[in-house]
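Here it is: the structure, laid out below.
Residue numbering begins at 1 within each chain, and the chains themselves are lettered A, B, C and D in the order written.
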Amino acid sequence: MTGSTFGRVFRVTTFGESHGKAVGCIVDGCPAGIKLREDDINRELRRRRPGGFLSSPRKEKDEVRILSGVLDDVTLGTPVALIVDNRDVDSKSYEPIKNLARPGHADYTYFAKFGIRDWRGGGRASGRETVARVAAGAIAKKVLEKFGIRVYGFSREIAGIRAETNGEIEEVFQISEKSPVRFPDREREHLVIERIQNAMRDGDSVGGIVEIVVKGVPAGIGEPVFIKTDAYLAFAIMSIPAVKGVETGAGFESARMKGSEMNDEMFVEKGRIGFYSNNAGGVLGGITTGQDIVVRAAIKPTPSISRRQRTVNLNTLENEEITVKGRHDPCIVPRAVVVCEAMTAIAILDLMIMQGLVPRFL
Amino acid sequence: MTGSTFGRVFRVTTFGESHGKAVGCIVDGCPAGIKLREDDINRELRRRRPGGFLSSPRKEKDEVRILSGVLDDVTLGTPVALIVDNRDVDSKSYEPIKNLARPGHADYTYFAKFGIRDWRGGGRASGRETVARVAAGAIAKKVLEKFGIRVYGFSREIAGIRAETNGEIEEVFQISEKSPVRFPDREREHLVIERIQNAMRDGDSVGGIVEIVVKGVPAGIGEPVFIKTDAYLAFAIMSIPAVKGVETGAGFESARMKGSEMNDEMFVEKGRIGFYSNNAGGVLGGITTGQDIVVRAAIKPTPSISRRQRTVNLNTLENEEITVKGRHDPCIVPRAVVVCEAMTAIAILDLMIMQGLVPRFL
Amino acid sequence: MTGSTFGRVFRVTTFGESHGKAVGCIVDGCPAGIKLREDDINRELRRRRPGGFLSSPRKEKDEVRILSGVLDDVTLGTPVALIVDNRDVDSKSYEPIKNLARPGHADYTYFAKFGIRDWRGGGRASGRETVARVAAGAIAKKVLEKFGIRVYGFSREIAGIRAETNGEIEEVFQISEKSPVRFPDREREHLVIERIQNAMRDGDSVGGIVEIVVKGVPAGIGEPVFIKTDAYLAFAIMSIPAVKGVETGAGFESARMKGSEMNDEMFVEKGRIGFYSNNAGGVLGGITTGQDIVVRAAIKPTPSISRRQRTVNLNTLENEEITVKGRHDPCIVPRAVVVCEAMTAIAILDLMIMQGLVPRFL
Amino acid sequence: MTGSTFGRVFRVTTFGESHGKAVGCIVDGCPAGIKLREDDINRELRRRRPGGFLSSPRKEKDEVRILSGVLDDVTLGTPVALIVDNRDVDSKSYEPIKNLARPGHADYTYFAKFGIRDWRGGGRASGRETVARVAAGAIAKKVLEKFGIRVYGFSREIAGIRAETNGEIEEVFQISEKSPVRFPDREREHLVIERIQNAMRDGDSVGGIVEIVVKGVPAGIGEPVFIKTDAYLAFAIMSIPAVKGVETGAGFESARMKGSEMNDEMFVEKGRIGFYSNNAGGVLGGITTGQDIVVRAAIKPTPSISRRQRTVNLNTLENEEITVKGRHDPCIVPRAVVVCEAMTAIAILDLMIMQGLVPRFL
C-alpha cells in the first residue's frame, strides 16, 4: 500500500492516472538554495514527450507547475510539489475494450489487486505516470550538477540492432540526442528506423536496451549490504514500466567471463587510484569506485499492438479477442531513455545524501 | 547509513563481519504461530555451506541459535534473533595483503566510504554475510509454505554451459539438488565440472546464471508504482554479492522480441483466468499474474583468484602485485542459488504481507 | 530531509507554504472501494476553517480538488492527490517584519536549518499547513467508519477553564461542535469566551487542552516495541504546530497515583473481557485494550500577538522590537481540535492496516 | 509488524523476551571511527540495573558483548550487534498466574494481538527489553559527545514530591546520580524514600516524572513537518514502558499561559542570537533553537503490586483474583531516567545525521 514513494532521504511520491485530471509528485528532501524554474523541468519533459513520425499522436503540452517549495526561483528545502495537467485526454477508444484485459498490460493484475481498476488509458499503470518521474528527475539532475555529476542515457540497442559507439560518453550522448530514436550509431540508425516502421506497418512493436552512464560520482557511495548502489539502481530502473532486466558493468556477460578477465586491475598515478578496465560498471561490493557507473535496462516491445490477440473479459469471464487501437508508440525505447535517466538521478542523489555529501543548503 | 535492513513489514536486519565473532540477523514482522526450530534453519544453512571438492576449505559448522521470538518451538510474533558463530576463522592468510586492494573486491570501496575497513576475510563485504540472509530466508520459506508458495533455485548456466531443462520445476529442482554444482542438466553437468576444475587448475574462476522460480503466488501481489514485484526482487537479488544483473521472464531477450511474440495471450477455463505463455515471468505492471514468477541473476566469477594481479596499496598508495591465497570457491554459483532463493522468499513474503494476505497469527 | 510524510502503510505526504500557490497532500495506501467525494473532505475543512468573531479574518474558501485515485466517486487504491488553493493571500503585513524573528514562531529555526526561509505568513511552518492534514484525515475517517471506529475531539480546557463533562462522548462531542470554542461545558463556556476576548483586547492570546476520544478500536492494535499506539499518537499529535505535550489516559496525573489506583482491574461478562476503569486510556504495553482511546494535547497560546516584543533582525543581527499584526486567532484551540482528530485518525488507520485488519478492497 | 526498529538513519532494532536466552539489538548507521569498548556500554547498563533496597531482587550482571561492527575498539561503520544474556531467570513465580492477565500489564493486549504470548516475566513487554535501548543509547551518547552534546536525566518528581532544583544541569545531574532514587533535591529526598517504602509495605507502588535536558544541540535540527524534534522525542520516549505522557518546555503548563508569557523573547549579543527564557524547551516549529532541549515524561506506578486485584483468566475466560509476586521495583522512576536518556540520545543523534552534521568517519 506504500508503493508510490521512491527514496529514503530524497523522496519522490507520485500520483495520477493516465486519463485523470493530472499527474505529478511531491519531492521531499531537496536541498535549499538550488535555482529551480519551471523551465528546468519542462526541458526534460519535452525530451520524454512523444514526437515525430515514430510515436503516439497523443499531444500533451506537458508543462509543469511548481506549487510549493520554491521562492523567487530558489528552493526552500521544503517539499516541491509538481503538477502536470492531463489535457489531451480521449478515453473513447478505451470504452469498447473497457472490460477486456489487454495482453502484456496490467489490466488483469490491477483488477486482481484492487478489485477495481481505472480502464481509461491504463490508469495508474500507464506510461503517462513516468511524467512525474521525469519531473522529479529534473530536480535531482540540477542538484547533482552542483557536484559535477552528470547522467547520460541513450539507446544501446533497438529491435536487435546494436549501436557501436566509441569516444567519450558526452559525444555519444550528443549524437543520440539528435537521433529520432536516441540511437548513437549514425551508420545503423536507418536500420533501426526501418525495423520500427516495419513493425508499425504490421501492427506490431519492438523493444531494445537503454544504457545509462553516470559520470562524476565519487568513490564511497552506496550502503552495505542491502542498499547497494547497483541494487538500488536495479530497484529504481526495474520499477519503470516495460523494463524486464537490469545489469551493471559487464552484466550478464560476466557470467561467461573468467575471474582474471572480469576483475578490474588497479593502479596509482599521481596519488590517485585508477582502474585498467571497468567491468564492474563503477560499483564494487555495492559501493562506487569513482569510475563511470554503467547500467543497462532491457525494454520489452510496446504491449499495445493493433494485431488481434486472444484475451478475456474481466467482467463476464469469457474468452474474447482484442485489437488495441488507442495511440501508442511502436517503440518506447527512446522515451524510456529519459525515464531511466530520471530514476538513476533520483537514486544516485539519494545515495549521495545518505553518504553525507550534500549539505542542507547549497 | 541504513543499509543493513531489507523489507518493509517483514524486516530482516543483518550484522557481522567474516572474521568477527558471529554473523546473524533480527527478523521482525514474522507472524505468530509458526512452528520454528533451529533445525529448520540449519537445513538451509547446510545447503549454502561450502562442500565437496569444488569449494572453499573453510569449514564452518554453521549452526544457528534462536535467541528470541520463539517459545516452545512456536513463533511469538516478536523479533526472532538468529546468531551463527564464526569458528573456523583464520585471518593469517590476510595479514600479508592487509593493505592491498584485492581486484574485484570491495576493499578499496569500503575504505573510500568508511575511512577504515576490516581487512580480515573481506569483513562485512564477505560472502559470509549471506549466512544471515539464508537463515532469515528459511523463516520466510516456512511462512510461505503455509500459503502453498514454494521457491526453487538452480544453476541455469555455469561457465558458459547452459542447462537444458524440461518438465516441472519440482523435478528440475530435485535434479539440481543432487548435483554438486546445482546444475539440473545431467548430460552437460560433466562439462560444467570440467570447466570449473580447469579454472581451479589455472588459479582462475568462473561465473554463471542462477534461475529462481516461485510457484503458488496469487495474482495481485506487488505495489505500484515503485515497489513492483519485479523491481523489489531485482533490489533484493542485486544486493547479493557478485550479482551483476537481474531479469524477469523473457528478460533481456524481450528486447529483441516483437510485441506479438512477447505478449502473453489469455484465456478463461472453468472460470479461471490463464495465460498461453509466460514471457512476463509472472508479473505485469509490477503485479503478479498468478503464474510462476521467474527471475534470473548473473553471477560474476569469484574475484579471489590466485593469479598475479596488479593492484594498489591503500596505505602507501603505491602500485603492487597481489596473489590472493585464502580459501575460495572457484565458482560460487551453486551456493549463490541458495542465497537468491532466500532473498526471493523474503521479498515475496514481504509483498504478501503488504497485500494483507498474511494474518498476524497463523 | 524526509519530514513531510507521516505513516507507514497509510502514508500522507504534505506540501505547501502559507502564501504559496496551494497546500495539499498525496495520500498513498488508501484501500480501494471507498466512496469519496470532494465534499466529504470539504466538510472537515470547514470545521477547521477560521470563523466567527474569535478568529482570524483570513477568509479562505478551502475547497479541495481530488486530482487522482478516485473514479466515479470511488477510490481506486492508488494515491489520492488533494489540493487546496491559497486564494486570500496577503503578504503585505509581513513585508515590514520580513527579517525579524517573531518570538514563539519558527522564523529563526527555519533560517538556522535551511539558510533561507519563506517570510510570507510563516511559510511552511504556518498553521495553514494543517489544511492538508485535515484533508487526509477526512479520508482516514471515512475508512475507519467502515470499521465502526469514530474519532471525537473537543476542547477540554481553554485559558485555564476546564470543561466538566459527563455522559457519552457522542453527546459531549455534539455540545462541543455547537460551541464557537468547541467547549462542551455550557455552564463555563461564557468564561472561556470572556477570557479569549480579554486576551484579544490586550493584544494577547491564550492556550488550552484538546481531548481526543476514539471509540470502536478493537483490542490488539499497535506494534511493539517502538510503534506503540500511544507512542505513535504522541508522534502524530506532537507534530501539530503549537502542541507542547501529549498524554494518554490518566497521563501526567498517573505520576501521582498508586499502582492500586492506576491499574484497571478486569472482568469477564458474557464471554467478553472488560475493565472496571480506563486509566490506561485504552492502551497497555502500547497495544489497544478495546476500550476508548483517550489522548490529550497541550496547546500553547498563539505566538502571534500584537504586543511589543523584543527580538532580533536575522539579516542585520541587531536587536529590534516587533509588533505582529497579520491576521491571527487569539486562541487556536478550537481549530486545533480538528487537526488533532485528523492526525489521530491517520495514525489509528495506519496501525489498523499494520495489524492486517483492513483489506485492500472495501 | 515492524515495530522493533527506531530511527531513520541511526537505526536501532531490538530483540528479546524477559526470560528468553538474551536481549539485545543491532545498531545500524553508527559512524565509523568511534572508540567503543564493551565497558562504555556496561557503564550505562549498570546505571539502569536494579540496585539497592528499593528495587527488584532480580540480579542480572548485564554485561554486553559486542558481536560486530568494531575492530580494535573502533567502529567500522557497519552494524554493531549487542547482546546481553539473561542469566538470573526464574519463571517459577509466573507459572501459577500463567493464564491470568495482570492488571496494568500487557498480558491481555499481547494475547489479543498475537493470539499467543510469552507468559514468562512479561515476555517482550517486560521492562527488561529496555536493556537493549540503554545499550544502543550508550553508543549514541558516545557519538554525541564528539559534538559536545550531553544528555542529562533525573527524577523531577516521585510519588507527588517535586524536586526543587537550581543551578546548572551538570550539578543537578551530579546530585541526582548520587541519590538512590535519582532525586536531585537533597532536602526532599527522604520524603520520596519514605513514600516508596510505605508503598512497598502496603504492597503498592508509586510513579513520578522524569526530566531530560540536552545541552549542546545546535540550532536547526529536526525535520518539518512530521519529524519535528519534539514530536520525534515524544515518539521515542512514549515508547518506553510505563510512560503515559510527554511534554517539552513549559508543556502542559503552557495551556494556562498567555502568549506574552509563553513567547521567548530574543536578543543578539556579540553576534550570537539568544533567548530571554526557554518556555519552548529548545524547539520552535519542531526545529531546535540552540537552547537546552527540555523534555519531561510521566511514569505511571509499577503495575506489579502484591495487592489482590480482580482480573480474568485468558484461557478459561473466567473472573479471578490475582496477587503478583515476582520481583519488582515499587518505583521504576530512577531506572526509567536512564532509559529516557537513552531514547533521547538515539533520537537526537538520528536528527543530527539527518541534518547532515555527522560525517561517516569521525
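Assorted remarks:
Basically, contacts are C-beta pairs under 8 Å (C-beta built on N, C-alpha and C of every residue); 3 or more make two chains touch, one makes a residue touch a chain.
A quick note: this is a predicted structure, and the numbers were derived from the prediction, not measured.
Contact count check for B-D and B-C (C-beta pairs in contact): higher for B-D.
Chain centres were defined as the mean of their Cα atoms; on that basis the chain farthest from subunit B turns out to be C.
Each chain gets one centre point, the mean of its Cα atoms, and the points for subunit B and subunit D are 39 Å apart. Averaged Cα coordinates give subunit B a centre that lies 46 Å from the centre of subunit C. For subunit C, residues touching at least two other chains, in rising order: 1-5, 8-9, 14, 78, 113-114, 124, 220, 224, 353-355, 360. On the subunit C side of its complex with subunit B, the touching residues are 8-9, 78, 220, 224, 353-356, 358-360. Residue ranges of subunit C in contact with subunit A, taken from their complex: 1-5, 8-11, 13-17, 20-26, 28-33, 65, 67-69, 71, 74, 76-81, 83, 113-118, 120, 123-124, 353, 360-361.
The touching residues of subunit A, counted against subunit B in their complex, run 1-6, 8, 14, 101, 103-106, 108-110, 112-114, 124-125, 129, 157, 159-160, 199, 204-209, 218-228, 230-232, 234-236, 238-239, 241, 244-268, 271, 273, 276, 280-281, 283-290, 298-305, 307, 309-312, 317-319, 354-355.
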